[in-house]
Amino acid sequence: MYNVALLGAGRIGLVHAVNIVNHPETTLYSVADPYEPNAKKMAEKYGCKIQTIEEVMADPNVHAVLIASATDTHADLIELSARAGKTIFCEKPIHLDMARVKECLKVVEEYNVPLFIGFNRRYDPQFRQVKERLQQGQIGKPESLIIISRDPSPPPAAYVKVSGGLFRDMAIHDFDMARFIMGEDPVSVYASGSCLVNPEIGEAGDIDTAFVVMRFPSGAMATISNTRRSGYGYDQRLELHGEKGVLTAKNIYEDSVELWTDEGCKYAKPEFFFLQRYDAAYKAEWEHFVDILNGKAKPATTGIDGMQALYLADKALESLQTGKEVKL
Amino acid sequence: MYNVALLGAGRIGLVHAVNIVNHPETTLYSVADPYEPNAKKMAEKYGCKIQTIEEVMADPNVHAVLIASATDTHADLIELSARAGKTIFCEKPIHLDMARVKECLKVVEEYNVPLFIGFNRRYDPQFRQVKERLQQGQIGKPESLIIISRDPSPPPAAYVKVSGGLFRDMAIHDFDMARFIMGEDPVSVYASGSCLVNPEIGEAGDIDTAFVVMRFPSGAMATISNTRRSGYGYDQRLELHGEKGVLTAKNIYEDSVELWTDEGCKYAKPEFFFLQRYDAAYKAEWEHFVDILNGKAKPATTGIDGMQALYLADKALESLQTGKEVKL
Amino acid sequence: MYNVALLGAGRIGLVHAVNIVNHPETTLYSVADPYEPNAKKMAEKYGCKIQTIEEVMADPNVHAVLIASATDTHADLIELSARAGKTIFCEKPIHLDMARVKECLKVVEEYNVPLFIGFNRRYDPQFRQVKERLQQGQIGKPESLIIISRDPSPPPAAYVKVSGGLFRDMAIHDFDMARFIMGEDPVSVYASGSCLVNPEIGEAGDIDTAFVVMRFPSGAMATISNTRRSGYGYDQRLELHGEKGVLTAKNIYEDSVELWTDEGCKYAKPEFFFLQRYDAAYKAEWEHFVDILNGKAKPATTGIDGMQALYLADKALESLQTGKEVKL
Amino acid sequence: MYNVALLGAGRIGLVHAVNIVNHPETTLYSVADPYEPNAKKMAEKYGCKIQTIEEVMADPNVHAVLIASATDTHADLIELSARAGKTIFCEKPIHLDMARVKECLKVVEEYNVPLFIGFNRRYDPQFRQVKERLQQGQIGKPESLIIISRDPSPPPAAYVKVSGGLFRDMAIHDFDMARFIMGEDPVSVYASGSCLVNPEIGEAGDIDTAFVVMRFPSGAMATISNTRRSGYGYDQRLELHGEKGVLTAKNIYEDSVELWTDEGCKYAKPEFFFLQRYDAAYKAEWEHFVDILNGKAKPATTGIDGMQALYLADKALESLQTGKEVKL
């Protein structure tokens, strides 16, 4: 049984807490959150300790940490945990600043602890199937990938300001997905973006709508279509075209009931947001992490993956600002 | 916190055990199963007691029983539990013999304990939506209902012999669904059936393929299409036609990935069998039962529902044997 | 080039006129209609002669007749045409009275002319595919067939009175479809019906909603679901279950455009009515008839098919009235 | 009745001939084709004259010409027709060289004859619906457009050499579609492309796979995904995202029959190629042209549209070669 300390007891911390508790080989040992009410609520619900970061790091009973705190604390907590010899599960991103990411990964390397970066979508059963069937040769070599990734509604402009911007905050998942599916790193990136959803997002220096095109060494290409506001729920699809055809992962819908009337056929919306859509992915991700704890697996998404996705986000931003394709 | 004794630790018992354990207000207190290895496995997995039936009934700490034992023991266990003042969750059917059912329900009435019959499909979110949207008036008055209910593959002929036959064992769910959706009891039933899947089923005196037509007081009608072997997974659909249109609950598929090649478009099968398809239904059912324990709800599917579904199954069999529509 | 006389220039006559004119081997030679304005309009549009029935029969230039007149004239016109040695295309039904049908078919046999009965749905590319793929063995032996056949809106009660009733007027197509798909004649029929759509239909002695169950010598079964008013267009589907799976012909939709908004996903209705849905079927039917004229084919739907479908309609009515399955 | 001279009796000429013949207000008066057998076949099939280009231009009975000849003859034929006062229907493109296009359009302007450019896809009922529903406000302002346009299989490399390349030959339709749907001209274009399908296409100096991103004055963006070989038929879809949701035009399939077996669900491919998929579009296009002849309409797709689509193709090529977004 592995004891896990949860660093950060907010919305995403709660998602992980359920999986930690339900897994037969892991226990939610303690929670640390600078905002006391969050920590208390978690402790009461699951009967776990409340600890400070220092206590977590010093406690030999803590085998692993799950970092689900504010983005700007991730790198610091990774370093502390590495030095304390804990196995680390960290929510993306490692940090919004590339130099800081590199520093942090050096520490991880030095202390040689497993670091798993939570790119949850790689564990979504739909996207995973696309990858697996590609590997089985169902469509031959990949040629073009279309990722459609739309949030239901935009975050507050205040959040946008500290988020690192659409590419580093939202599209970073899609950059990682493109790398995951294609199995190679792109050689160029081009981005185009606009502020169409909320002018305050533009005033905060960000965009809310984007198209990205990447080129891979094989000549294959990928495009990403992002918006902060779909208008119809969480739209998470991808379509991979290869030599022999297409593999396409469609949305998961809220229900399977159709209504046919004089106005036509009506069907449900896609599942509302990431908590619903990626429920199975979060579970599968945790199972993978337990395999890392067990020594059965090495992290399938590492610090390098975290760094590469951020690198693509940075370069997309550069392309957006210069109007040029950026060579990588 | 309510302590639940699980009577029967086989396949369906396991499904319920998970829900009992995961629910914040219920504890799997004990398990009773005449087949010791099953009871032991359950006790080890969930750290619950092993009890005999007598111990369960005598134990004041047991607030509720979940009867998931062999069909022919249901009525006896219901009676014992009623006399012991336990709140009862019983898997369908109460008994395969109508006289025994009536006797049993008298005892329940006498001891005035809540009895919930586990017609799980009523709690399936898809079928529930059809019912709710019908009640909201989305299609006006119901006129015709088509229930398609096909098992993936036939049970062994040995099981068929003791099952009570296709109508009492399998179609009973569809009879209940028809009553649930239509909100009234039928006034006639007609059945036609064949043995097409496995001749041993025929030799055991049963059929494996059937069509049933029921007529309701309002003039609305329902048909059921059953087979013991679909060839493509568990097919569970319904289509309700009303004044203004149709509400149709389609299957839930194993995944949302399409493959398009020279051979056309390929999509997944429906989820394999009831454990997958009705996973959400079993959870919802247990939540309803906890509401009964809490006094927040009365059983939404009662002994009367269990009796009525069996009555329809019996009358369908009579129709099959006589070639006549049976008035009810 | 074959000269065709069109007997009846109403709605369905117009459908056929277009196909006669467009086919490279047939000419719309003349039109006969007791209602002069119809005949005139047709003659003007296509530059064909207006003839009386007597002139049609006496004219050696007329190679074939297409009977699209009022139902009660079909048998008379078939007999006249047979005696005149014309090749005959007759819209269903031959007659609403079985005795009259038999008489008529005797005359056809005596004069030995080809008689094609226009069961258009057999020529629908969708249903045809189901039949062909069944014959290719894609689902093994057929076991159960569900035919869903719903008109968009009910005809006037005045029409209902002379129509022969739902079974002879509307379900007759579905009886024929069941025979076509299953490739054998049923051994029993059961019908249940109600008047739910329009009370005037009930007052006219007819029903507007029905379920029919048929049993075939192989033990396979078929059910038909009919209503005079779908509420959402012309609903024409079938689903054939066999040993290895299902072949299902879904509706054809008005367009392929989806709208996704906060209210969910919206899709088009099925094509409005038979003129749209069976456009391709009417063309294919005419091509088959030209093959008959050419001597390349014998009628694939004959007087016997017309008679058998009527027989099933009559027996369904008997079942409805007696509440018993009728043995055939 | 308008007499039409068909200039070019190849594959696409045949498509138009059928529509000219079937339309009640147009006659296929004559055909001109430098390849005699083509002209003869057409003349025999439809009973029209064979003329030389000079005869067509000199013949006062010719009201309109339909130019469906080799691409490099279009501009010359347009000029001749304009000088002869004929109403002109010309297949896209006007010419592959922009300077030649401008010259040609000057002549058209000088002689003031109606010139309709056959961008057939604008008349496809599916894409038209998207445009119309956008105009009705169903999704608010347009924000991002994804056009997926894939040919079933690549043309011979020999054709590729004279085609003007993927952008001018194939994507030109998609550039026009983007202008049509968005209702404004883009302000920038970026293109990325590869030769993945057939190395001979690369040796001929062309690409066979491309992504294009365009930006519009409103800040809205569009992307085009092209390949010369889909592997599964003709894939012609678009998805328009706006303020309130998405309008998406899906493919039209070869049939509506599904097969469900142990291997999953199988469905048909999209209709094979443009002759099938755009059959309705070609008809609708011709109806529009007859309205131009009648004076009821002005050309909805003009020489300017032809020029603008070519301009975008040229600029996409420039972007591909420079790796920079091109400002327009």
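When the chains are written out, they are named A, B, C and D in that same order, and each has its own residue count from 1.
In this text, a residue touches a chain if its C-beta (ideal position, glycine included) is under 8 Å from a C-beta of that chain, and two chains touch if they have at least 3 such contacts.
Because the structure is predicted, anything quoted here is derived from the model rather than measured.
*Asks:* What's the chain with its C-alpha centre farthest out from chain B?
*Replies:* The chain farthest from chain B, judged by C-alpha centres, is D.
*Asks:* Report, in degrees rounded to the nearest 5, the angle of the rotation taking chain A onto chain D when the C-alpha atoms are fitted.
*Replies:* Between chain A and chain D, the superposition angle is 180 degrees.
*Asks:* Report, in whole Å, the distance between the mean C-alpha point of chain B and the mean C-alpha point of chain C.
*Replies:* So the centre of chain B lies 42 Å away from the centre of chain C.
*Asks:* Between chain B and chain D, what distance separates the C-alpha centroids? Give it in angstrom.
*Replies:* Whole-Å distance between the two chain centres: 58.
*Asks:* Could you list the positions in chain B whose residues touch two or more of the other chains?
*Replies:* 139, 231-232, 244-246, 260-262 - these are the residues of chain B that touch more than one other chain.
*Asks:* For the complex, which residues does chain A have touching chain B?
*Replies:* So the residues of chain A in touch with chain B come to 22, 125-126, 129-130, 133, 138-139, 244-252, 255-262.
*Asks:* Given the complex with chain D, which residues does chain A contribute to the contact?
*Replies:* For this pair, the touching residues of chain A are 139, 141, 143-144, 146, 148, 150, 188, 190, 192, 194-197, 209-211, 213, 215, 219-221, 223, 225, 227, 230-232, 235, 239, 241-246, 323-325, 327.
*Asks:* Under the touch definition given earlier, write down the residues of chain A that touch chain C in their complex.
*Replies:* Of all residues in chain A, those touching chain C are 231-232, 253, 260-269.
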